[in-house]
Amino acid sequence: MKLKLGIPKGSLEQATVDLFRRAGFNITTSSRSYFPSIDDPEVECMLIRAQEMARYVEDGVLDAGLTGRDWVIENDSEVETVADLIYAKQSFGKVRWVLAVPEASPVKTVKDLEGKIIATELVGATKRYLAANGVTAKVEFSWGATEVKPPELADAIVEVTETGSSLRANKLRIVETVMESNTQLVANKSAWADAWKRQKLEDMRMLLQGAINALGKVGLMLNVNKENLEAVLGVLPALKNPTISPLSDGQWFAVNTILDESTVRTIIPRLKQAGAEGIVEYPLNKIIL
Amino acid sequence: MKLKLGIPKGSLEQATVDLFRRAGFNITTSSRSYFPSIDDPEVECMLIRAQEMARYVEDGVLDAGLTGRDWVIENDSEVETVADLIYAKQSFGKVRWVLAVPEASPVKTVKDLEGKIIATELVGATKRYLAANGVTAKVEFSWGATEVKPPELADAIVEVTETGSSLRANKLRIVETVMESNTQLVANKSAWADAWKRQKLEDMRMLLQGAINALGKVGLMLNVNKENLEAVLGVLPALKNPTISPLSDGQWFAVNTILDESTVRTIIPRLKQAGAEGIVEYPLNKIIL
Amino acid sequence: MKLKLGIPKGSLEQATVDLFRRAGFNITTSSRSYFPSIDDPEVECMLIRAQEMARYVEDGVLDAGLTGRDWVIENDSEVETVADLIYAKQSFGKVRWVLAVPEASPVKTVKDLEGKIIATELVGATKRYLAANGVTAKVEFSWGATEVKPPELADAIVEVTETGSSLRANKLRIVETVMESNTQLVANKSAWADAWKRQKLEDMRMLLQGAINALGKVGLMLNVNKENLEAVLGVLPALKNPTISPLSDGQWFAVNTILDESTVRTIIPRLKQAGAEGIVEYPLNKIIL
Amino acid sequence: MKLKLGIPKGSLEQATVDLFRRAGFNITTSSRSYFPSIDDPEVECMLIRAQEMARYVEDGVLDAGLTGRDWVIENDSEVETVADLIYAKQSFGKVRWVLAVPEASPVKTVKDLEGKIIATELVGATKRYLAANGVTAKVEFSWGATEVKPPELADAIVEVTETGSSLRANKLRIVETVMESNTQLVANKSAWADAWKRQKLEDMRMLLQGAINALGKVGLMLNVNKENLEAVLGVLPALKNPTISPLSDGQWFAVNTILDESTVRTIIPRLKQAGAEGIVEYPLNKIIL
Amino acid sequence: MKLKLGIPKGSLEQATVDLFRRAGFNITTSSRSYFPSIDDPEVECMLIRAQEMARYVEDGVLDAGLTGRDWVIENDSEVETVADLIYAKQSFGKVRWVLAVPEASPVKTVKDLEGKIIATELVGATKRYLAANGVTAKVEFSWGATEVKPPELADAIVEVTETGSSLRANKLRIVETVMESNTQLVANKSAWADAWKRQKLEDMRMLLQGAINALGKVGLMLNVNKENLEAVLGVLPALKNPTISPLSDGQWFAVNTILDESTVRTIIPRLKQAGAEGIVEYPLNKIIL
Amino acid sequence: MKLKLGIPKGSLEQATVDLFRRAGFNITTSSRSYFPSIDDPEVECMLIRAQEMARYVEDGVLDAGLTGRDWVIENDSEVETVADLIYAKQSFGKVRWVLAVPEASPVKTVKDLEGKIIATELVGATKRYLAANGVTAKVEFSWGATEVKPPELADAIVEVTETGSSLRANKLRIVETVMESNTQLVANKSAWADAWKRQKLEDMRMLLQGAINALGKVGLMLNVNKENLEAVLGVLPALKNPTISPLSDGQWFAVNTILDESTVRTIIPRLKQAGAEGIVEYPLNKIIL
């Protein structure tokens, strides 16, 4: 039995292969083939555009696949969401599809778009959004470079953005958020109902989440004398549970913990003040919480 | 006293430099010089083609060198094999030299090559193989692109292959395996008899093997309550000997072990089911078994 | 409150960004902006040429910055030296500015340069050096490629060098060392007197030094039986303080220590001889001594 | 007054800029702007996807633009065809959109597709083609890599091809040609009716055609004695009209003509046999027939 | 006897080598040497920074060299201007050094800079310009990226610009033009007084100008019947002198002329209307007017 | 009928394709195939290493091929030399195989090599050369980097060189020239005896030579008044035969000639002095003398 898995071709492709490698699966893509090899004999991969992924997972051509929540909604596909794969760096950040207009445009809300032309790659979701707001407008499919279309080629656009910087660079103003999105592992409904495939997908989720957890986290080891132990533990974040081992001399303890990389720079100076010695930071591959 | 060491120039060069760096030796190559520098004052390096390495080690120009077993045999060199350096990825995999013919050729065994033309880079070993099988054929030295020669320029070839995919792409069929090969550290017989050089080579072997052992392996740390300890240890491979340390609260244990990266994805979900907590995977540089 | 920090543009730029990342600060440069972003809301970065850094730190345009000691001296700037950032690899090595002449030149000491032409990028420091030696000579600012100027375009040069190899390649002979230099973190005098800024700079120094300490060092874990413990500890460098934890069986100990990467290759074989088992080397990010 | 001209963004972009340069117009594109500059103050350029060009020319946002005949038809746009720009090399070749199925498929004609799934980038034209043939099938928009979809993701595809080699590489068989296409200069109907714009477009057509004519053609000069003149002229293609000038000695003639580059290699040896001397071939920029 | 010639290293280097090649001199540079080879045994080349060129030409280290007029003036060098090498494309355009301030600055003229800080690479010329205007200000040498210095690091800058676009991108406003500049061939005064060197330099000037003349120009050949000759000649620019040759049939003429590439696109349609046939445009290498 | 033609793979490959394109044949190579396509239906190409070409031409696998004279001799092949293709630039220069030794070696002539080790890629020719000189020495096949072998790995080498600079860089001294070589078009003896193939090869030779002739040559056109005609013609090289056409005014002549690019820079100034006007230099593709 095999799990048929769709890997998103294009901008997410390399990030997905990297994430799976960190999770313990080696996927080898080749510019000549749409069937990447994977070192797990129970899985079979296929490269599919993120835009089409949900369609093929819904139809059962694939048992599961990675794609954006946006394209699941755009295709209006009935699929099971197995995991949200979110990590701000490494291409797995949260994004928004926003309605944007030229800075100087009089448009203030979606209501002001009655009778206007809107360019977008997300035609279906945009039409449903307009309908939900009682607005009638012409929605044109944009083959790319949507942001340079207003004002000559469109009155407004619905476009994806992470920080808004590309919109600002094109002198566009965000009017409203149409949809939020992030990368997901989605599964076909029947595959999810199958015991073997579901177990396989749940294991995969645990490992992918473990790899994502480790991004932006590091390990910290330190030694501390019995009398400073409490002070040192007081510096560490309350919610974390450090591993405390007695050393063989009976007076010292080794403390080992996991920290957010971004907090290390404030915590290390405090640990040192509290009496920690031999503080060592080391890298991690996976964390299963 | 210095150990004169040959580094293989060409396809193995970068992989060899990387392996030595992991083993603790920094070799710096330069496109302008055939004498790479190394940060060990007891070693002197020279870049030599893998095909010529065994010849110069046998002659004593070098004390030792890295090359393929195939070229040791091709040159019929009397050298000491210090270590087999095998790791499937990173250019140190096992390879085979095979006798191959066009898919449509009537040739079924080496016996069918009587009077034919065979192209190969490995002229000496091929001639000896034919002689051992009682076959007389013309063996032509091939300067490269051997796989495209049949059927126009040769009836058969003897060529190196790892997965056979390049042979298949050229519509060739493997008839027999002529020789298996892998990268070796070989030494001059007199150098091996010298106590100082032998100790140096044995230390180097330990460090190179330590670095190769660490490829494809990872460290795993976890915490487990006294009552789940047995179940957790039951999930770990029997042959591995995990380090088990009592934590300071007297109820929990820290378990630290080394695992094959490829087994981690099946073991982690089982560890979690068995009650392991705070499972953390971390990278390794060297493992001395 | 913000700390205004100068990042050296050009040859040190990438190495500086890498060092800060290892220290826990993510700096993002962009080819379109001279104001890199940093993930610490208390810091504001600006890209400045190393040659001009000390001038702007002295003036208070910046609170602190990274530059070479050479340019601090050349600009004769009154700044506070917060840290010397020295690590032989990774662009943070020690360098020397030397007085050099053609191999065949009769010049033996700086005294022989009376009335000669000297080309250099370091006009101010060179003039002061000549004056201190009672020599009158013409010092010309060199826009680059200083090493190829003698003998046609100059009688001598004052030029920076790490290993002297570029001077030798241009057939120049070193006469004297004019100045030694390395990368420094320097601060404005008033900023250093400000409590908040000083604390911020001291924390930054601890993290930068921690990251530099970890370069060229590795962690080593091993298990050892009670009876071999003393022998194993005898192999480890006397000044290091290994962490020794009893294992749960009561007969074995886990030893964990930090070593110079360059000593590992001599220590590991001795540890094995002394009875160490399961020796594992792992990478580190930071070490706070 | 300005002519607003659409330049196709993407695969045709560089070829279009090159063709205009050969025609005498220097277009400068920038990765930061969708408004390339052109050294003709009477023209204003905009980069538009070929797929959307006809839509915007029809609407009058642009006066004219370069695009493929295929996308004019797909968009069902009412525009004026000013010129067919055809040259086999340099991206301006003729292409076909073909209906293709897996080699092993039982499909023999479009009639056999009743109820099947067809993937294509050209949804509109494909639906009209099926309707014209009385076939009902599901036409799915393909976001790319259409050729790898059969048989898993589609039963058939409608895809563009020049030589068919990519289809063969994906083991697809061509069933029928749906449409032929080539690059065109198309104009808005009102712009074409405007005297100034029409004159501008007709001049542009003459220069673009002149540049295309010169591709694959060369100039040939030779000297010939009066008595060999007829024989030499007999070798030249009948339809060409060479320029024959008397030389000052009264006995010789200079002959200057334009030839297809591909015929030169058969004509030159014949010219030499017929008595031509000093045969010189030189390159051309433009030919206005 | 040899002419010692300075080739500008850096941004002008490749353009200079290309210009000399078009002029008939093949200069071969190498990344390892500052002495490019040239295929004229009477010339010896040396790579020198444009900023230092005039200094070394004045001193007689070089007989002649290419540099910008700006650096001749900055160095206040007494040299002979042999030729102005101006062509808008190919790096030989005219440039201006301008005084610029932030868009929002109150500075309106150079007079408003009293007591301010001005950053520039052109310290000498800037100081003289200020003195000539009776202004006292601090002029700081800028090591690069001068345009991003205002307002934090300087109140105003003096910077080179061709189109002003980089200044606008940095939100700077041009106050005044300090100096105009272009590339020049300059000679040492004594070399210019030497008959052999002067002849050599004058020949070089003729060939360099011939190559520059040919940039942006093309050749045009056409045939015309006796009765249309006058009309066709009327279309050609009055100042050009076309070559008119009678063809051997006595009724037709061949016309050959040189035109600006940028006028060809307006002239060709008019020539065709006037009765020209077989119009052919061809490329040129050099034009000696 | 087809002519089977070998194209040299490797360092000569691109230069050969370029030369054929200039000669009028478009060869398209692909990294995936050893059978380049050519736009002449009477020719079939195959990529073969230059070292093996003569062997396969002699055997009749190929009708003809391009290779070096050196490898024809090394393989001792009986083939017909159709053309020597020599042009100093563009990879078709003359080269020498030389016997070289370390600068400090006592070897003065080939006679001094008795009993020594010689490394070379050209084993056969070297052995014959030694035999002809009555010298017995060990000749070892070198897989590359032959120049760095002396003195450690060989006493002398036989190596190819164009300018000797690589030998000098490796501190080697040339002792004798073993052989001169250049690129040749060679044919199989039977193919050369076949009338159709011979005509095809002779046409190909004319076109290849025509393309080589045009390298380094340019066309020159000028106008001259009747009274200056003789003076102008006196400046042109005596052996060239310029084309002189009377202009329509009866007083002027157009002169058109072909010159070596390297002489143009001395001739143009003299032509101008002699009264030539409107001197124009233009590029050429082919010259059939």
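Going by the order they are written in, the chains are A, B, C, D, E and F; count residues from 1 in each one.
One rule holds in what follows: a residue touches a chain if its C-beta (ideal position, glycine included) is under 8 Å from a C-beta of that chain, and two chains touch if they have at least 3 such contacts.
These are the chains along with the protein names UniProt gives them: A, B, C, D, E, F = ATP phosphoribosyltransferase.
Everything quoted here is computed from the prediction, not taken from an experiment.
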Any chain in contact with subunit B (ATP phosphoribosyltransferase) as well as subunit D (ATP phosphoribosyltransferase): A, F
Greatest separation from subunit D (ATP phosphoribosyltransferase) - chain, by CA centre: C
Numbering shared by both copies at the subunit D (ATP phosphoribosyltransferase)-subunit A (ATP phosphoribosyltransferase) contact, with half separating same from different: same
Separation of mean Cα positions, subunit C (ATP phosphoribosyltransferase) and subunit A (ATP phosphoribosyltransferase) [Å, integer]: 38
Subunit C (ATP phosphoribosyltransferase) and subunit F (ATP phosphoribosyltransferase): spacing of chain centres that average the CA atoms, whole Å: 53
Chain centre separation (subunit B (ATP phosphoribosyltransferase), subunit F (ATP phosphoribosyltransferase); CA means) in Å: 44
Multi-chain contact residues (two or more partners), subunit F (ATP phosphoribosyltransferase): 245-246, 282-283
All pairs of touching chains, each written as two labels joined by a dash: A-B, A-C, A-D, B-C, B-F, C-E, D-E, D-F, E-F
Residues of subunit D (ATP phosphoribosyltransferase) defined as touching subunit E (ATP phosphoribosyltransferase) within the complex: 23-25, 39-40, 202-203, 206-207, 210, 214, 219, 241, 243-246, 253, 256, 258, 282-289
Residues of subunit F (ATP phosphoribosyltransferase) touching subunit B (ATP phosphoribosyltransferase) in the complex: 9, 34, 46-49, 51-52, 55-56, 61, 140, 142-145, 148, 152-153
Residues of subunit A (ATP phosphoribosyltransferase) defined as touching subunit C (ATP phosphoribosyltransferase) within the complex: 218, 221, 223, 245-249, 254, 261-262, 264-266, 268-269, 271-272, 278-283
